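Here it is, the structure, as structure tokens.
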């Protein structure tokens, strides 16, 4: 079940040829749709002329055939899908952002969150700048443009801007002739690139989006790296890579990313299988069947089953048609309304001892409902296992865990949580095991579990950000 | 992968209370969406006044909050989702059908297909009737109404009409004061009913739709049964049940139904698990991993894995966001376009011997693409196993297998098919095993595999039906 | 100001060539939009295959470029615009109606209202027919089809049907190869035809629609005439013309029709000018300026000015952008809300004695508001003159004056009405002058003024009709 | 007929009470719709929190009930309708513009055009500013915000900004607590204000918009005046009024404004009547009837008729339903396609000597078509008279006459134009008479006729502006 929300997915293409390039971005964004369903946008570059369209809604609703046709042809294009945090919703915050400037027009899409946003914004405003949105992308676009005035190229301007902006960012930037990608020095948000058989270069938040346009994954952009794609090929600026130790968000592996994606060379699916295998050792219990909560608990459940030799079963079916929620018309229906999205398979769970696997618990509300469903369907025992450690700390790098208040693990002990959600036993994956799930010895950002943030944080700054009181409806 | 199309899902509610009953139908249709995505409709009965809305599109697109509100309140309501066969597409064929008549207005929704459609239609037309659509429902509604003139009740009229109409039908009919359901004497299409805690009665094509409104499954409507729900409770007319031997479509278990549904007391999921278990005996082969094609091959793959002890793995990821298809902008992308919907998980399949499980093969086109994807992702061997026997005969009872021409199994041997789709070995579930998957000893319609039809068929009639040349756009 | 509502406009084209004929109908319906804004539809005939689209809304909203494209090509097509009476609203009553039948498919559009509707419907229902709408067109299509079974041609069937249906109708009927038009024996609703330079024939409710597709007006269809357009040219059946005395609705000239239309050889504009001229003699009064209420009072105001030599002025401006009505957000605005649609020109009316010309008064509500506006803008005296006699009797031939209850002239004397609406004096055009406005000596239906109906009427029948309790939303 | 396009209409409301204020703006914009149909927007201020919505389209299409509801309540609000010049189309250029800044958020709507746009933009960009649109409003909002940093109030900031911006502008600006309006020192574009009975203040481009919300017209904002509405009432800053000589655009009276508006105390309708009266002396000719081209030639035709004693007649009918243009499906229709919008009244024009009055001729294309229509309808002689002098010079103040190339009067003599459009004689209103039509002795901007511009112009600047190559689709 979806609990946490990632804010963004970015995508970019550089081709030597002019074609209906918006369609490539459409497919890329479609593959990244799980990273943000609130708004999306595409900018097409036809020899320096930018055509763009952004709106609230999912890719499929926003980009009709007519809208795609209107975007015309081009040889460079970027796109973005977004989940908006509180105070940053709606069309006005849709990306990519496009800015006009005498030194060259610029389009920019970002995944991440700046930790010095407020400080930068106040400073820029006092220098006479105005802002149209409450998002990081506009700040970054302004800073790059200001650096552009005294630099010789867009990449040099980005390089200078990276001295100013702090926090998590994975950028895709388009100038009249170049596609540039850049990642913060800790590499908190993912970003990779690949190449098609035609020689086109593709940049994306996840490798599954490369697959969707037939591009072969080459490698992740390194933490701190700036990579430039133009008619001369590919080159990198590594000035910000000197001290960089990778701190990729561990939760990308656990929940955010699509299982068919590869990050830092490690399969997300494989990492989740491994999480399930480790999890089977946390609080072993005898059971008849392993049931994963679709979609995010499935892989760990398979891993748990493999390791424990307890059979894997399908105990919950998710309705694949995604719909609006209407209030149930009768009180009696409200209780069971979760069944519209998730329905138990009685034959699997009836009279069974179940080990129920999910990726994590945030508030506990959804887990409680699922457990109730399974009990009503006849489950004899329910032992819940979570493929991640407890959430104890807010995230400042682009997810929506903004405060401790809504985190169940901050307020209750594990035993209390087990009682609240109604399971017989409850266990989390240990932090020690969590950081081993990729098996490649890399470091990760596991701040939400441990409180150890890879960058300096000014919590005050972040909180204030949500107070920008303006909103295009 | 979706290959065959079921034409319809029906749903009905009878409540003692007046409320925003369209929302209950909305939820029911949402749960039945997999049975038809081309058009849908809801009719609400408020003390004899019918309000209705029907249109092309999926439930979620057709029924906006505004449209639902406009349907007002009522205590009886029926709904329908439809996949239109050739010649029966568009808004004009959307159901439920509503007819006005001096003896009482009538709303009717049907799942199935009449085998004497053309004969009946010609006869009625020569008696001065006109038709507005090319669907069975309009014929049935006309025949019931004509019988209504000389009968004392709607259920009596339906009882008489069942002497006239032949073939497969699962009807939900609404009069001013009653909800009536009826199933053909062979019970080819499913139909069940349940009851909510409030005492409301719910009829649906599948039990998953009962779940979605909090109703408890009671039982399937018997083949030939007419069941009436009104203020006096529930009663049945069994005149057409005398000689009825159940012939439920076997393919409902294999592919059409949702796995969380129960039909004739048997879990669809369980039947598919069993199909996989039987399948593991058909042409045993050594392999590293069992991979199911999502979503319809997953259950059988789990069953195969359980029986064979070969590990189950996730080798293909389906994009859960359902989108329009645009033509890929470059030739190089067209080859790999299937990846937008289905992407291989390299870490699962690379250098592995795979047993690939799907429910069936119709034309073979999709299977060929999937096999290619897996080969490119590094699969060493691919052994395909199908959880149903080969399709050799057209279906005349409401699915879209209209002729032998498009069935790959009619034109090629199994070895040839294996070569065409590119697998190392290929095996189907035997007919003997297929009819055992429910484990309840019932008879089934397995005409598409065996050619033994449970009713008389006039193929000429059926063919002509598609020639009605009229279409609301 | 709009007060009465005409229910329909019909349009048809017969061409020897196949082309995007829906666009011709689109233009024709656009010219007839003033005759009905609630729903519209087009049916295109491509060698016997009918494509059609109907929906609630105005022509411009319903027929997008995409919808028109989907209608494809053809050589015959008909269309309809509709204002729905109470109980006959929404998409389900949109025309043209299309019926399938073994003797030939049929599309039909009608302007008018049957006086024996209920009698016919009950009879047909008892013979086993069902109805899907509450409109006359469905009855007529059924009767024609039943006659079609034992006749040799569509025109013969229409000829027989005209013995059965009573009241007012102007029909456009399309078969696989013919376009047929027919008008009731009294010619109550208008219908004319013309020819383009290419030799295409065009039938329309008003000649302004012929103009819009470049067709030259030839003549009105005669009362009782059936006219057939096919590859052999034009021919008529005059069996129903024997006793016909023309009784064209006088209110077509006064209000319904567009001023640029010609009916029975008489210019609508010219008739309105003449109405104004006659009106100037009814209750002469000294004044500074003649002001017409836009749009329907303008022509008579010009005629009044010409005859009286009092200057014509523009005293009220109508907003040409047609908008939805939202409730005014403040009480203070509600009073003056009529200004959004109609605003006084102070410089014209301030300190002036005004003769205010409108076509008629139905309820008096709008007139009262207009008079208040003019008073507030400084008018010294307001003398209202109406270009038609008082409405005293309901109309049974297709307008929405269904009962005497809503007619102000049935309840109050002229002096009382003058007080109610706040004018200094009030006068109506006399019946004697009204029937002279066309100057061609024809008879008219002036039943709404005189109570002398040209056909037999069964009021009971008509009233019941509105009770059909069914409605597609 | 519409020929020239005004770019904008502005509207603002200040209330002491919080209510659904967006609806007031909706009505105001609806009344100003004739000033711009390409895009529109509304910003609502609820105690400093701005909610807004802007999109391409007319008021009625953009502002659905749902969108208006989403805008919530507030006590200050502004709105804008826009016709976009070349290079400034689409949603991205829709106004009001809203900018966030530490010294206070700002919303701004403008009618006019800056003459030093390019100079200002280059300067600001070199100081590190980026731009998101190609419109004047964004420049002005940036300059006001920069002045805001070192000033004490929004009105002081506007006062400083008016030293920097040059050209034509009529601004409506909203801060958290104030509604401010300002007009350039020459008063080229109109702007007035009024008060409702409740004490709310309303600012609008034209007085007809005051009427639509029940506000009484008080006076025009003076050239150079800044007027502030807040809880303390109304006050003005007159620093820029010292040398101001009014130069209101003469074409506002001739064509742009609605006839029911009052500008600088003079009725637009009255000015047009007077233009017609003067026109009757320009090249007197004997004729049977005066015909005005709807809607803009009607008033002058009435004036001409009054002065010449030749009868006024309705010779052309305009379809009041505003529709999309589709290509006519047949060549024969294309010729007469203008009839869809404008149809001749044969009875008025047949065998008549006509004096045809229009406001002006730009390219001559439409006039040519109208003359052809009237000839085909039987007009014997057509003498065209124009209620304005010939256009000889481009406008730099916010209309779309961007170059001499498209002006027929720059390329041909009056006699040649008469031949091109096919009239017997042609005459324009003289400049001497044109500047007398208001009768109040004011000065006007008549640069398009005389080439005498009220401000300095840098044509090079203006031309370049259209080259900004960026466009949100």
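To keep things simple, chains are lettered A, B, C and D as they appear, and every chain counts its residues starting from 1.
The rule is simple: a residue touches a chain if its C-beta (ideal position, glycine included) is under 8 Å from a C-beta of that chain, and two chains touch if they have at least 3 such contacts.
Note that this is a predicted model, so its numbers are computed, not measured.
By number of C-beta pairs in contact, A-B leads over the other of A-D and A-B. Distance from the chain A centre to the chain C centre is 60 Å, each centre being the mean of its Cα atoms.
Note: centroid distance chain A to chain B, computed from Cα atoms, is 36 Å.
Averaging C-alpha coordinates per chain places the centre of chain A 48 Å away from that of chain D. You'll find the chains touch as A-B, A-D, B-C, C-D.
The residues of chain C lying in touch with chain B in their complex are 48-54, 67, 70-71, 98-103, 105-106, 121-122, 125-134, 141-142, 145-146, 149, 468-473. Of all residues in chain D, only 19-21, 23-24, 26-27, 30-31, 33-34, 58-60, 65, 68, 196-198, 208, 211-214, 258-260, 262, 267, 269-270, 295, 298-299, 302, 305-306, 311-314, 317, 319-324, 326-330, 332-333, 335-336, 339-340, 343-348 touch chain C in the complex they form.
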